[in-house]
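In the two complexes below, chain A is the common chain; its partner is chain B in one and chain C in the other.
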Partner chain A sequence: MTENGRATIEIKNVAKWFGEVVALSGITATIQTGLTSLLGPNGAGKSSMIRIICGLTSPSQGTVRVIGQDPRTSVEIRKVIGLVPQQERLPPGVNAVEFVSMAAALQGMHDPQGAARKAIETVELDPNDRRHLSSYSKGMRQRVKIAQAIVHDPRILILDEPLNGLDPRQRSRMAQLFIRLATEDRCVLVSSHVLEEVQELSSTVLVLAEGKLAAEGDFHAIRQLLDDRPHRIRLRCSDPLALASGLMGSGSVSGVQTSGDDAIVIDTSAVTQFRRRLPRLTQELGLHLLEVAPLDDDLESVFRYLVARRSP
Partner chain B sequence: MSAQAQIADRRFQHYEGKRLGVGYSFLRLVLYSIGWVLGLKRTSRYKIIPTLALVSVYVPAAGFVIGAALSPPGTPPPPYYAFYYFTLTAIYIFVAFTMPELICPDRRHGTLRMYMTSNLNPAVYVAAKVLAAWSVLALVTVVPVIILLVTYSLLGYDPGSVGDWFKTPAQILGAGLELAIFYGTIALAISSLTDRNSFASAGIILTFVLSGAALGILQGPLKAPAWVLLVNVNQLPAEFVARIYQLNDFGTGAAKVPTWEVAAAAAAWVLVGLAVLAYRYRGEGGK
Partner chain C sequence: MTSLYRIMLRTSVTRGRLLAFLAGGALLDLIAYSIRVSDYAARESDLFNLLALAALPLYLPVVALVFSTSSLGDLAQDGTLVYVWLRPVARWKVVLVALAATLTVTLPLTLGPVWLAVWLAGASWQTFWAITVSTALANGAYVALFTGFGLRVRHALMFGLAYVVIWEASVATLSFGKGPAAISIRHYAESILSHLSRQAFSVFSNSNASPTAIDLADVWPSVIVLLAVMLVGVVLTSILLSRQDVA
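Moving on, here comes the complex of A and B:
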């Protein structure tokens, strides 16, 4: 335990490489009790980070301490970590209680079945449901995976892309579950590659991109940071030159280029102001706006921007 | 507030109860794995192959017992080793279709990571799976022959001397366990190379078939020396059974190969299998 008795994960200058491929580079972060989201595009190094935190692999450089101990060498740490792996499949031909009981037995729980039933109730499933896991919906299967991860009452719960593929309603219910688990004096780490997925968690966020820590802090502050970055947007309208002239005059864009006969591409660092100004301007000029297409709004470019911003 | 009244503590309470050690988790994984491959507590489709394999092994054993019971007085019953002449093919099939089920789904369904964040580490996991494999195979290589021993004894075909009373059970256990350990380890090693049961089953069958076919070609048209038997994973364990029962050979034509070489080769194959397993799981967890 740390001095104040709260479970923490301390990551210091961690790097991980596989041959020539650098998966993680110079990551330093502290994860406290409560809910933290690990955000980053596919291939950003989230799963490598999770494997290192769980002690499933060792960092090539740097140190990780889970409640002050090395997860790679401390057997005791296993008792405080629960992992929900990314894989969606679950063993066929078994029901939830059987599956979670096995997890409880492997964790050395004295009464595996009792612990399994309690964990299944915690994730709001019915422990008396005898149906096999193969007949469960995706959301239910995710809950079973969470039940197996919390069956031994871990202080640290790590969920690798748990919201993947869930519909908005399921995602919302799952987010509420994570928030509740985090309030039970746990450190809950949720990884995701979709910014909007973690929005509902309103958590502390660590953003990984290209193996580096791109941003960390409060979700809303990072959201703001993303909105404030330079944007490039393609606009199609009935008179693109008039629109270009109007936008330059408004001060909400920093550059304009023509793109074909009916389109312009603008650069702006004040996207919120631009969004407010654009409809008013087209109305004032009597233009028909045909298309507004962000050209660099995919997560990859967002994360790249964050990485570049942090680089010296 | 009255003296009897109290406010219940509704805050979340962490589990502070007893936690058992690695030995308990190891045992639970062994028992769970045995039940899993035999289809216990699973739907009917998972019981079909184990049931067919068990039937195809226990029916010949029952035939032996019936034959011994109906044979005229003074006629010796079929020898114990003859049981393997009738059942080796069924044992191969059992091995090929059940051993992959022990480890492939753990990788495929992601439960391996779950195991590695529990009391288990790769060495304990592999040890549990190997022990489960040997135990399951002992059901078809040891138990039927022990049943034969008990039934023969009940029918009056006791081992002859005091020495035989020790030697015969030792031969039965030795031969049966040798087959279980050899086939179980090799099949698990092959299965560890993939996370798909079907690929693993095909790999096991091909290894046995190709190994047997290669030996046939080498020893037939190519007149290879008898020691090539030692690289034949199909015939080597059966040959070792013959030596345990003090026969010249198991119909493999390898009588010239010394018994110690047969034993050493079988042990080497098992060690290779264990090394493959250790290599394949070395990166999973690390304690």
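Moving on, here comes the complex of A and C:
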């Protein structure tokens, strides 16, 4: 598909390995104009994917085309792409305007200083601040990185964990900025390991886990998928065996195991129904519920489930 | 490109590096001054030996090594190269800017102490001119060589120091300008110095006989070799930069 067909980035069967470590494996995806989130836990391969899309490294296998061209060799792509890399380090001994001006000048802009000041204001920093970047807070440095990425008004904006280090207010403001940029006929790709951040962006989502594409689609569909997965929950109560028997009879759990003297572990795929049924059941049985602890609600477990579900 | 030049200059010039090399240069000048106050007939040839044994084969390449390996190498190591690499700028232009930024520091840091040494030792204008040309050209060659080295090799400083000490300062002197010396930058720099100043170096010659006139035909091959090293350095570094895996 060409850019006219709205596909901006095409990834075909991409794999990347470093020695014996496989960072990415068999990724095939298409990223359209608009906002796309790349979601996955740390070490899932998000940064490797972004580096390949930007041409910063070659895939070990497969191809990536950005507006129909190879990002590793095309100068044209470097004119239209903006990247916020994950690493925090910025050049020493320079202030924000100098650093962003350099980016604008290297992009061949006519008024690098003016463009830099505008971009710095866009990320809500003060262009008159002459302090060196090394004295900036993590959140400020993050916003300077965003400023250098948007200074040349790129058609493709790629942001690797751009909300890291920002306070909740800044995070919300920057998320709004990304949403606005995406509505201006740009391709904006944002990576994150935080589900709530992606929820705020409410975008198309690619889920990466263990170097594989675990799921893709609209955020709400992904959220539903995550909610509908089998859950494992530990319940502590005054009479665990009575509770186990009651739950099995209710049809809201698919398995029960005892766990010590006062607890059971249940498996359920109907978590909403289970949550509704549990309080009523404990009341009916006259039990004291002491603890309800989800055992696999961390993101790693969620992503593992998605990978396992997608594997043949 | 001016802003890139400024940023590269600020990245590679640190207070520690500057102080270390200013101290090294001051030591060179102190020795040159001691030659002068000794006031003996062979002081100019001793000054040449000082330049031949310490300045050209050791001080100059170490200064060039430290600053040129850091110009692009530090950016690659600390992950800031991405801010330059992902811009629509020809790689050779980035390399030339890196070279210009490095030479902005290394030329004054090497020429300054060397000029002062020549002046303190009371050497002639001819020597002054000869040392200026040879130091500047050697500087360019070392910087072009070490910039790509710093980009490609991890721990480039350590390996570069080993190269300078083992090859440029030691092995290259063993065969009196023949064999291994012919593939050292030092050899060509000293050849230029020797011919332009009409002085023979004891390290390269078994006799103390000095050439009596400047024969430019003898100088040009060395000049061309050093210019070729610079050109090859720029081309190779540009290729390395375009193939670089950027963090």
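Here is the rule we go by: the second predicted complex is superposed on the first by the 283 of 312 C-alpha atoms of A that agree within 3 Å, B and C clash if a C-alpha of one lies under 4 Å from a C-alpha of the other, contacts with A are read in each partner's own complex, and residues count from 1 in each chain.
In this text, contacts are C-beta pairs under 8 Å (C-beta built on N, C-alpha and C of every residue); 3 or more make two chains touch, one makes a residue touch a chain.
This structure is a prediction, so every number in the text was calculated from the model and none was measured.
*Asks:* Looking at the superposed three-chain arrangement on chain A, would you call chain B and chain C a clash or a fit?
*Replies:* Clash - chain B and chain C, as placed by superposing on chain A, overlap.
*Asks:* Counting only touches as set out at the top, which of chain B and chain C does A:Ala242 meet: first, second, both, neither?
*Replies:* Neither partner.
*Asks:* Can A:Val194 be said to touch chain B (first), chain C (second), both, or neither?
*Replies:* In the superposition, A:Val194 touches no partner, neither chain B nor chain C.
*Asks:* Could you figure out whether chain B or chain C reaches more residues of chain A?
*Replies:* After superposition, B is the partner touching more of chain A.
*Asks:* Quick one: is A:Ile81 in contact with chain B, with chain C, with both, or with neither? Answer first, second, both or neither.
*Replies:* A:Ile81: touches chain B and chain C.
*Asks:* So in the superposed three-chain picture, is A:Gln148 touching just chain B, just chain C, both, or none of them (first/second/both/neither)?
*Replies:* In the superposition, A:Gln148 touches chain B and chain C alike.
*Asks:* Answer with first, second, both or neither: which of chain B and chain C does A:Cys54 touch in the superposed model?
*Replies:* In the superposition, A:Cys54 touches chain B and chain C alike.
*Asks:* May I ask you to decide whether A:Met109 touches chain B, chain C, both, or neither, giving the answer as first, second, both or neither?
*Replies:* It touches chain B, and chain C stays clear.
*Asks:* Quick check for you: in the superposed arrangement, does A:Leu289 touch first (chain B), second (chain C), both or neither?
*Replies:* A:Leu289 sits against neither chain B nor chain C.
*Asks:* Could you say whether A:Glu184 touches chain B, chain C, both of them, or neither, answering first, second, both or neither?
*Replies:* first
*Asks:* Among 6-14, 60-68, 78-86 or 150-158, which stretch of chain B shows C-alpha clashes with chain C in the combined arrangement?
*Replies:* The overlap with chain C comes from chain B residues 78-86.
*Asks:* Return the residues of chain A at which the contacts from chain B and from chain C coincide.
*Replies:* In chain A, positions 54-58, 75, 78-79, 81, 83, 85, 87, 89-94, 98, 102-103, 105-108, 112, 148 sit in both the chain B and chain C interfaces.
*Asks:* Where on chain B is chain A touching in the complex?
*Replies:* Residue positions touching the partner: 12, 14-15, 17-22, 24-25, 28-29, 32, 39, 41-43, 45-46, 105, 108-111, 113-120, 283-287.
*Asks:* Chain C touches which residues of chain A in the complex?
*Replies:* 51, 54-58, 75-76, 78-79, 81, 83, 85, 87, 89-94, 98-99, 101-103, 105-108, 112, 148
*Asks:* Can you tell me which positions in chain A touch chain B when the two form their complex?
*Replies:* Going through chain A, the ones touching chain B are 54-58, 72-75, 78-79, 81-83, 85-87, 89-94, 98, 102-103, 105-112, 115, 132, 148-149, 152-153, 155, 183-185.
*Asks:* Under the stated contact criterion, what part of chain C meets chain A in this complex?
*Replies:* Residues in contact with chain A: 1-4, 6-7, 10-11, 75, 78-80, 82-89, 245-247.
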